[in-house]
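Each of the two complexes below includes chain A, the first together with chain B, the second together with chain C.
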Partner chain A sequence: MIRVKNLTVSFGGKTAVNGIDFEINKGEIVGVVGESGSGKSVTALSIMGLLSDEADICGGDVYFEETALLENGRKAEDSVYRTFRGNMISMIFQEPMTSLNPTKRVGAQVAEMLRLHTDTHKDEIRGRVCETFLSVGLKDPDELYDKYPHELSGGMRQRVMIAMGIICKPALIIADEPTTALDVTVQNQIIALLKRICSENTIGLLFITHDLNLAKRICNRVLVMKDGIIVEQGATKDIFEDPRNEYTKRLIEAVPSRIHKKDRGKPGKENVLSVSELNVFYRDGGNSLFSGKSLRHIIKDVSFEIKRGEILGLVGESGCGKTTLSKAVLGLNKNYTGKVEHFSEYPQMIFQDPYSSLNPTKTVGWLLMEPLRAKADQKPGVRYSAEDIRSAAYDMLKKVELSEDTFRKYPAQLSGGQRQRVSIGQALITHPSLVIADEPVSALDVTIQAQIMELMLKLKEDMALSYLFISHDINVVYQMCDRIMVMKSGEIVETGDTREIYESPREEYTRLLLAES
Partner chain B sequence: MKIRGILKNKYLLTGAGMTFIILFAALLSVFWTPYSTTAMSISERFAAPSPRHLFGTDNFGRDIFSRVMCGIGSTVLISFMIVAISATAGILIGAFTGYFGGILDEIVMRITDAINGFPSILLALVVISILGPGRHNLIVSLGIAFVPSYVRIVRGEFIRLRDADYIMRAKLMGVSKLRILFVHILPNIFSTFWVSVMIGFNNGILAESGMSYLGIGVQPPDATLGNMLSDAQGYLTRAPWYAIAPGLTIVWIVLGFSIFSEGVRREAERKGQYDKG
Partner chain C sequence: MRYLLKKIMTLSVTLFLVSVAAFIAFQIIPGDVVGSILGTEATPEREEELRHELMLDRPPVERYFHWLFNVVKGNLGVSYRYSKNMNEMMPVKELIGDKLPVTLSLAALSILFIIAVSIPLGVLWARSKSRALDAALSVLTQVSMAIPAFFIGILMTYLFGIALKLFSPGAYVSYHKDFKGFITYLIFPAISIAIPKIGMTARFLRNSMLTEIKSDYVRTAYSKGCSERRVMYGHVLKNALMPVITFLGMIIAEIVAGSIVIEQVFSLPGIGRLLISSISTRDFPVVEILILYITFVVIFVYFTVDILYRVIDPRISGK
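Our next item is the complex of A and B:
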């Protein structure tokens, strides 16, 4: 149905996509997997003719059935694209938050597709939209029609996006990481929905993802991309069970699974943290003078402790209070009751997003030295000479396996994985006993993810650390943690040894979470 | 990449060039002007621009080119002082209110709202009517009048950044509050702040010209671009060059600074310290 031949796209002389060939047949689900920067999205955008002006299409053809959308690197007329976009090919984006217009009612936004691409009569439009809402599993479509995007949950927004994508009965849907921004349970529903819709209406689907597990579950065929080249393509089963290419093998191995888990030494006896009957509140409306001071009860009666050398996992879906809990434990949120006892100095935190957790105006060296300067300021007894601090920073660089010239670089010059290493270094340089890691690998590519997890485990041994490891990724938690707490709406529903929880979960909710991936 | 790089440099180069000419003229005027700025010559009243008098002469037969050269100096200096006062106050007030919030923030913001309720020129007029006219009072009054605009910008940026992950982390390290404010956060608002400083600089030039035009700024016989414009208005039909020369100079300065500031902003962005996301 759609054929892509020898497509090459570059940005300012740097090749992003280098001569790729593939086709998608009617009703087929084709996955494109690869790490960030591999050219997945660029491929999708060039099929849609939506590349920005900076992109330079150097060559290649894209045919949709008999129509050329791109021939010898020359784009078809805009009018050709317009009849195709939305009508024959539609696109679903990653972020349902930003791809819907916040000022327009969702019904009207979906209806606009019909108005632009079909000559459906005005009176029928609303009916058609509501029908589509129903078919993507949205309840009460009539009520939903008049709502604004901010009134919907992430999952509902993504369903609206899908409704928008299928309402004109296209032949092909391009979905660019459609579930990455969603929780696991919601993610699953959306995947099932996409699969059902495609088979019911024989719609082809180009499914772009960095998550190999997802591709495995939904796709008929998979393309593996690296540095703008398709390194391997074939039926999903063949690729996953018998990968030929070296890179594909590495990619599949890097995915955290529940199969291999190394045995580790037992954690010590003494506590580094003990929390009892902790209740945390969140103040609504910021700290303005006139807004009401209503407190929302986020964390309800949570008690736990962490032993020296232990990795305690905290899992749960977004909004269940994981981050709120960690902030209260660290004393960044003072609105709590209950007892938090630290048996060590300077607990530190590693954040999820390596792009926002490093001050962009400072060099890596400055960032690594700052915790020591702060420590020297706090304690009158502690004195470090400038030379001590500098050499400690260089030591830390070595420990997190970064080269020495990183010292003078700015965070913007580093990759995501390198930044996360700096972030870890910054947290560890004061030798804390406890580190709270809030989704430390969720924003990273799989191969980088594996490296960072390994680094964290190595440093744990070297520096006698304990981690409170927060994650939504069940498999990552399985790999990392000695013990697991499952959290739901601010309450701990289940705690136990990692293996026990995975093999025989007691709670229904835990079972649901585990079944997801 | 390449084309964009050149474009960026173009902003910086053009702006710097235009500004340099202005500053050079101002500096030169301290040591040398073609004619004395106060030397009158009855026989040469309202001489049209010629090689002898590049910009012509005014109603007292003074050389307009020389007076513009001196005028640039006072105008730019006054504007610089205005920005220095208002930006410094703006950073201090905005940083504290934005970061700490609470009742202090509420009070300060209502005061700035009240100040914003008046046109800033009008406010400066009130201050001057209390302090009396003159160069220093002009600087102080306009400096105060421009504070609220900086407070708003700085405060907004501090509110945006106070919950950033890297600030949370600085708190965890136990970095002192003052250091968080001025070492950790302040450099991050540079690109936003720089734009408002440059706009403020241009506003300062225009405001000084306006005040001097009203006769309450720098007093004659000292030349500023504003009071030259003010003098010229009576002779607009007889000697149009009298108004055109200082007028175009103001346009030139403002334009030069605007282009220059745009260039600096782009350069900072390119350096990668201020990446998006």
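Our next item is the complex of A and C:
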């Protein structure tokens, strides 16, 4: 149905997609897997003719049945694309939060598809949209029609996107990481829905993902991409059970799973952190003279402790209060009751997004030295010479396995994995005993993820650290943690040793979380 | 409803504080009102009499509350400087009531021009793919922003008034007599006010749209098969207007409070000119009321912007 031949796209001289060929047949689900920068999304956008102006299509053809959308690197007329987009090929994007227009009612946004591509009568449009809402599992469609995107949850928004994608009965849906921004439980529902809808209506699906587990579950056929090239393609079963390509093998191995976990030494007896009956609040309301203030109760009666050398995992879905808890523990949020006792100095934090959590105007060296300077400022007794600080920073570079010339580089010159190493270095340079890591590997590709996890474990041994390890990824947590707390709506529903929890979860919610991934 | 009540309370408190500040300022500024009203040759008895009449022999706090009480009742006091006839002093209410329609009509007209021109211009600019158009608009708006309004006013007077004789410079028809003629006299001043603001607003809107175009929902809109025009007007414009509205609010507040320079250049008897002459003659009752008027206008415009925000962006009222 769709044929892509020798497609080559570059950005400012850098090749993003390098001469790829593939086809998608009617009703087939084809997965494109690969790490960030492998050219997955560029491929999808070139089929739709949606690449930005900076992109340079150097060559190749894209045929939809008999129509050429791209021939010898030349795009078809805009009007040709317009009749295909939405009508024959529709697209679902990663971020349901931002992919819908925030100032238009969701019903109207779905209805726009009908207005653009069909001559459905005005009076029938609402009915058609509501029917489609029902078919993607959205309840009370009539009420939903008049809502705005911000009034819906992430899962509902993605369902609305799917409704928008299927309402004109296209032949192909391109889904670019459609579930990456969603919680695991929701993720599964959306995957099941996509699969059902495609098979019911014989719609082809091009499913782009970095998550190999997902591709394995949904796709008939898989393409593995690396650096703009398809390194391997074949039936899903063959690829996963008998990968031929070296890179494919590495990719599959790097996926965190619950199979291999090394045994580790027992953590010590003494506490580095003890939290009892912690309740954390957020202040609501404006800062105007007359606006009322109210406190929102986020964390409810949480008690736990972390032993020296222990890695305590904190899992739960987004919005359950994981980050709020960590902020209160660090003293960044003062609106709490209960007791937080630190038995070590300067607990530190590692953040999720290494792209935005490092100051882009400073060099890596400066960033690494800053915590020491701050420490010297706070404590009158502590004095470091400039030379001490410098050598400590170089030392830290070695510890996080970065080369010495990184010292003078800026964060923008580093890859995601390197940046996360810098964040780790920043956290460890003051020699804390406790480090709070808030989703430290969630923004990274699987192969990088594995390296960072390895590094964190090694540093834990070398520097006698304890971690509070926050993650939504059950498998990552399984590999990293000695003990796990499961959090739901601000409460700890279950605590226990990692093995225990995974093998015999007591709570229904824990079981649900585990089953979903 | 609660929101509205809160806003009204903020408004009254602000007005109160501003009026106190203005009152205090006039206590500090040197110069004797009585002296300036009666001239140098007045007898001490007459001076004493007038001082008593104007309550200037009372303590300031008492005077302030006396004044405030009257204002709340709707009695805005009398001007120290203008008089209705030989025996009667000019009430501030009448004085301002006479000038306000001029300033408000001028403001309305220039705001109309600003909105009607800058929005299509900004969208056109954001959509422009040709370098020449982009450069031309960039230079044009830059120039329009750089020229002071009064200079445009002088140019207009010369070009349309003296050379083309479309209006007679310096003349003015009262709105009581000939409303149509009155509006024709306002057109050129309004254009003079609008031109620099149009440059700024168009530029601002263009930048806002270019930022907005990078959003994910724009890509979604294209993927649905929308034409570029439809994406721009149907999806991007409304979102891009958000910051522009705040900016427009600032401009509108400035214009409604009186365009002093333009009123002077075109000899229009508006609020701006009244304010200048009252300050220089220490006509305290007039100045105080004008300050309150300006404060009210500014707060009211921001309040309207707030409401507009809520209308445009459902996320704000949804909270």
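Rule of thumb we're sticking to: the second predicted complex is superposed on the first by the 512 of 517 C-alpha atoms of A that agree within 3 Å, B and C clash if a C-alpha of one lies under 4 Å from a C-alpha of the other, contacts with A are read in each partner's own complex, and residues count from 1 in each chain.
Here is the rule we use: a residue touches a chain if its C-beta (ideal position, glycine included) is under 8 Å from a C-beta of that chain, and two chains touch if they have at least 3 such contacts.
All values derive from a computational prediction rather than experimental measurement.
Chemist: What does the overlay on chain A give for chain B and chain C, a clash or a fit?
Modeler: Taken together on chain A, chain C would fit alongside chain B, as the superposition shows.
Chemist: Under the stated touch criterion, which partner chain does A:L116 make contact with: chain B (first), chain C (second), both, or neither?
Modeler: Only chain C; A:L116 stays clear of chain B.
Chemist: Considering only touches as defined above, state whether A:F22 meets chain B (first), chain C (second), both or neither.
Modeler: So A:F22 meets neither chain B nor chain C here.
Chemist: With the two complexes superposed on chain A, say which partner A:G86 touches: chain B (first), chain C (second), both, or neither.
Modeler: After superposing on A, A:G86 lies in contact with chain C but is clear of chain B.
Chemist: Examine A:E95 and indicate which partner it touches, taking first as chain B and second as chain C; both and neither are also allowed.
Modeler: Second partner only.
Chemist: For A:F343, is the partner it touches chain B (first), chain C (second), both, or none of the two (neither)?
Modeler: A:F343: touches no partner chain.
Chemist: Would you please give the vertex angle at the Cα centre of chain A, with arms pointing to the Cα centres of chain B and chain C, as a multiple of 10°?
Modeler: 30
Chemist: In the superposed model, how near does chain B get to chain C, counting Cα atoms only, in Å?
Modeler: Checking C-alpha atoms only, chain B sits 5 Å from chain C at its nearest point.
Chemist: Kindly list the residues of chain A that each of chain B and chain C touches, one partner per complex.
Modeler: Looking at chain A, the two contact sets intersect at 288-290.
Chemist: Which residues of chain C touch chain A in their complex?
Modeler: Residues of chain C touching chain A: 6, 9-10, 13, 215-217, 219-228, 234-235, 238-239, 312-315, 318.
Chemist: Considering the complex alone, what residue numbers of chain A touch chain B?
Modeler: 12-13, 286-290, 327, 330, 332, 346-349, 351, 353, 355-362, 370-371, 374-375, 377-378, 410, 412-413, 426-427, 430
Chemist: Applying the document's contact rule, which stretches of chain B touch chain A when the two form their complex?
Modeler: Against chain A, the touching part of chain B is residues 1-2, 101-103, 105-106, 164-166, 168-176, 179, 184, 187-188, 190, 272-275, 277.
Chemist: Contact residues on chain A for chain C in the complex?
Modeler: So the residues of chain A touching chain C come out as 48, 50, 78, 81-87, 90-91, 93, 95, 98-104, 112-113, 116-117, 148, 150-151, 161, 164, 288-291.
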